[in-house]
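Lettered A, B and C in written order, each chain numbered from 1.
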Amino acid sequence: MRLARKDIIGLKEMDKDEISLILDTSESLKEISERDIKKVPTLRGKTVINLFYEPSTRTRTSFELAGKRLNADVVNITTSNSSVVKGETLRDTVQNIEAMNPNIIVIRHSAPGVPNFIANILKSSVINAGDGAHEHPTQALLDLYTIREKKGRLEGLKVAIIGDIAHSRVARSNIYGMHKMGMDVTVAGAATMMPLHIERMGVKVTTDIDKAIEGVDVIMMLRIQMERQMGNLFPSLREYSRLFGLNLDRLKRAKEDVIIMHPGPVNRGVEISPEVADGPHSLILDQVTNGVAVRMALLYLLAGGFEVSSKE
Amino acid sequence: MRLARKDIIGLKEMDKDEISLILDTSESLKEISERDIKKVPTLRGKTVINLFYEPSTRTRTSFELAGKRLNADVVNITTSNSSVVKGETLRDTVQNIEAMNPNIIVIRHSAPGVPNFIANILKSSVINAGDGAHEHPTQALLDLYTIREKKGRLEGLKVAIIGDIAHSRVARSNIYGMHKMGMDVTVAGAATMMPLHIERMGVKVTTDIDKAIEGVDVIMMLRIQMERQMGNLFPSLREYSRLFGLNLDRLKRAKEDVIIMHPGPVNRGVEISPEVADGPHSLILDQVTNGVAVRMALLYLLAGGFEVSSKE
Amino acid sequence: MRLARKDIIGLKEMDKDEISLILDTSESLKEISERDIKKVPTLRGKTVINLFYEPSTRTRTSFELAGKRLNADVVNITTSNSSVVKGETLRDTVQNIEAMNPNIIVIRHSAPGVPNFIANILKSSVINAGDGAHEHPTQALLDLYTIREKKGRLEGLKVAIIGDIAHSRVARSNIYGMHKMGMDVTVAGAATMMPLHIERMGVKVTTDIDKAIEGVDVIMMLRIQMERQMGNLFPSLREYSRLFGLNLDRLKRAKEDVIIMHPGPVNRGVEISPEVADGPHSLILDQVTNGVAVRMALLYLLAGGFEVSSKE
């Protein structure tokens, strides 16, 4: 089976079979990073451009390693000191990059819609590595992979996503993806952190985190963007932590086999206590490991690779 | 045939045969970037250092891809956060780099003469990727390649170069190169944008762009460096655009098969209108594509490769 | 013989056999960088992360070339624009990096003890590329290599280290390493530049540079950190140069076959005069060349390579 699309823009437009194909492919590729020689010749001679308009050590490194372990040539472009400064339009920038014959352009941008915009212009494949508060599909895919790996399935699982839903591209992509995979999603956070008409996304909504985590299989904590949210959305970190932070005490209300996730970077003691972040339920580092596998799968599939799923 | 020089500093000191050799080699190598596997082992185990004292996404990426597609090891050094800060002399910096056994050092610097200075110090090959307002030989070579590819020849063609000639290393390198190849060059721009004694370079000079573009085969628009030129050289962008910008109306005076070039990044609506930049005469993106091929050719030839020209 | 340790944190904890193993291995690997094809497949499929919290063109480039010439995948992370900004703890940052399955993490940090701290957390190998005023073991190893290469031995040699001993990680690592190798070390500098109880390190101490260089085999000049030391530790550059700078006149007091070293970047005319830095006794550029070889040896040995020493 092949992936029948040129770009990865968001999970909103993907269907269950596509997501399953990506997760199955990730499963096949994950063990490459555990080998003594972490390298296969699959993408030899392919060019991957990491075009980052926002800094991100974690995501950029994950894509860079994914590309290199598949033998692709990876070029990083971070745009703080680039021709963006010189007043060139985004369209011109990406058309110039495309003129150098890349295969895949990975883009992160603070403006929602940018990856879709450039995907429509370019013949190259485009992967959205996060666009404003819109989507972060590779994060959601690695989250789904991590849940499936731990729980053995996705269908029928109950998830609570807790934090600033309104400003979270991670939450949006996960809500889309989880619904496609037949999961049940509750979102919890202060009323100021809920997008308008959030219930139209098919989620349950609550401002009571204690209620939200009762009976769920997965708790996904979101990161507080301290620099922009403090003072506007909640009065203090202490207040936030008290009302919406996940700590050992609160965790007692959850199922015994609940798994806890966080997209990182973690604000320890704010949205999650150190004991929980490092505790036995936490899959935070598994998410990072699986991120490389999922991104290898996406690069592989977009470059024309195919997967005979072992699951079907 | 081999390239009988260690460095690429400027087109002023090159002769016609050398330029032809580089263009012919570029032609052989261009198709590598169009292959499914864009990679050949030619420069395996060679080290290319990109030493950029000025930011440049476009040129740095072009050299990085050129090196990687030939299998060289490419290391980027951008000097905003480097030991330059620590007060080391340029001579010491480049001698330290040479002590690590590179094969080729690609350098961009704001001071004219720097590439020549370091080429005289080092045994490594040096490629000038732009030095102040002096020369930008790889840009001129890719321009010549693009013209030859489109027109089938260079000799006898008429070119108009339009804009701030005095501050343009692109203009200088092209004037040298075009003359060597037997082309006829007219430069056009405000009197404040003309270098003293420009006519000694063997070009025709005019301040009337409409007159300049009549009958030429190639129109090369230069980029306005908005940050440093506004207010000094012309009163406003609107004024500049009216007097020296290339738009559809003005283009009517040109030959039907005229080709239009620009080294990028483009200031749309200033030196060139969007309709012209994206129109059928424009080769702006071909220039970018050919830039990778020309840089592959230079890396290849400087590393000792030879070319049996198919043209001779 | 194999290196029986996971990490390279400092020379304080290494013994003579380990140091000899590293130097012997460096000797075997040095010629790779002198070949026409500077590349061996030894570390194919291994991942090296350069994690630099302080800028350093020289050391980062040296490690990057060392990794690439051994065929490792090298990823650079410089943290000015990284998730460090986002308030993540160092522990979380490095655990996240480790979750991506690197083999070796090279770290530079302004805080002494950071490499040791992360080495204790991680299963990956950690190489200290300089931590505050604590240690810079790869610099000392390349210094030892360079001395041994020139003098044919280390045991019994007399060394003078001159400059700001108190703030120099280079001095500290060299003092440890030289003592293990049976060398005799004198340190010289202003009283304000001597750490408390420096004599407990087993060195001779003097404030008289002329006396210090008499009869030694090696003179190692330290770099003046002009940005932070001026005004605090000595009144002026001229004063420093007069009292502690190495110039031709002063050099007359030294042995005829003395060798002169400097870790770079050099402040010409301050701690060392141009005539001495570029003179026949100077090994400054050899140090840089040997730095690549020593770092190749460390990457190779930490990745599990072994060396049948040709010396034993």
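Just so we're on the same page, a residue touches a chain if its C-beta (ideal position, glycine included) is under 8 Å from a C-beta of that chain, and two chains touch if they have at least 3 such contacts.
Just so it is clear, the structure is predicted and the values come from calculations on it, not from any experiment.
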**Asked** What's the rotation, in steps of 5°, that superposes chain B's Cα atoms on chain C?
**Response** 120
**Homomeric contact chain A-chain C: same or different residue positions, threshold half** = different
**Request:** Could you grab the centroid distance between chain A and chain C? Build each centroid from C-alpha atoms only and quote it in angstrom.
**Result:** 40
**Item:** Numbers and ranges of chain B residues touching at least 2 other chains
**Value:** none
**Asked** What part of chain B is in contact with chain C in the complex they form?
**Response** 44-47, 49, 73, 75, 77, 79, 81-89, 92-93, 95-101
**Complete:** Listed in rising order, the residues of chain C that touch chain B in the complex are 33-39, 55-58, 61-62, 64-65, 68-69, 78, 80, 226, 264-268, 285-286, 288-289, 291-292
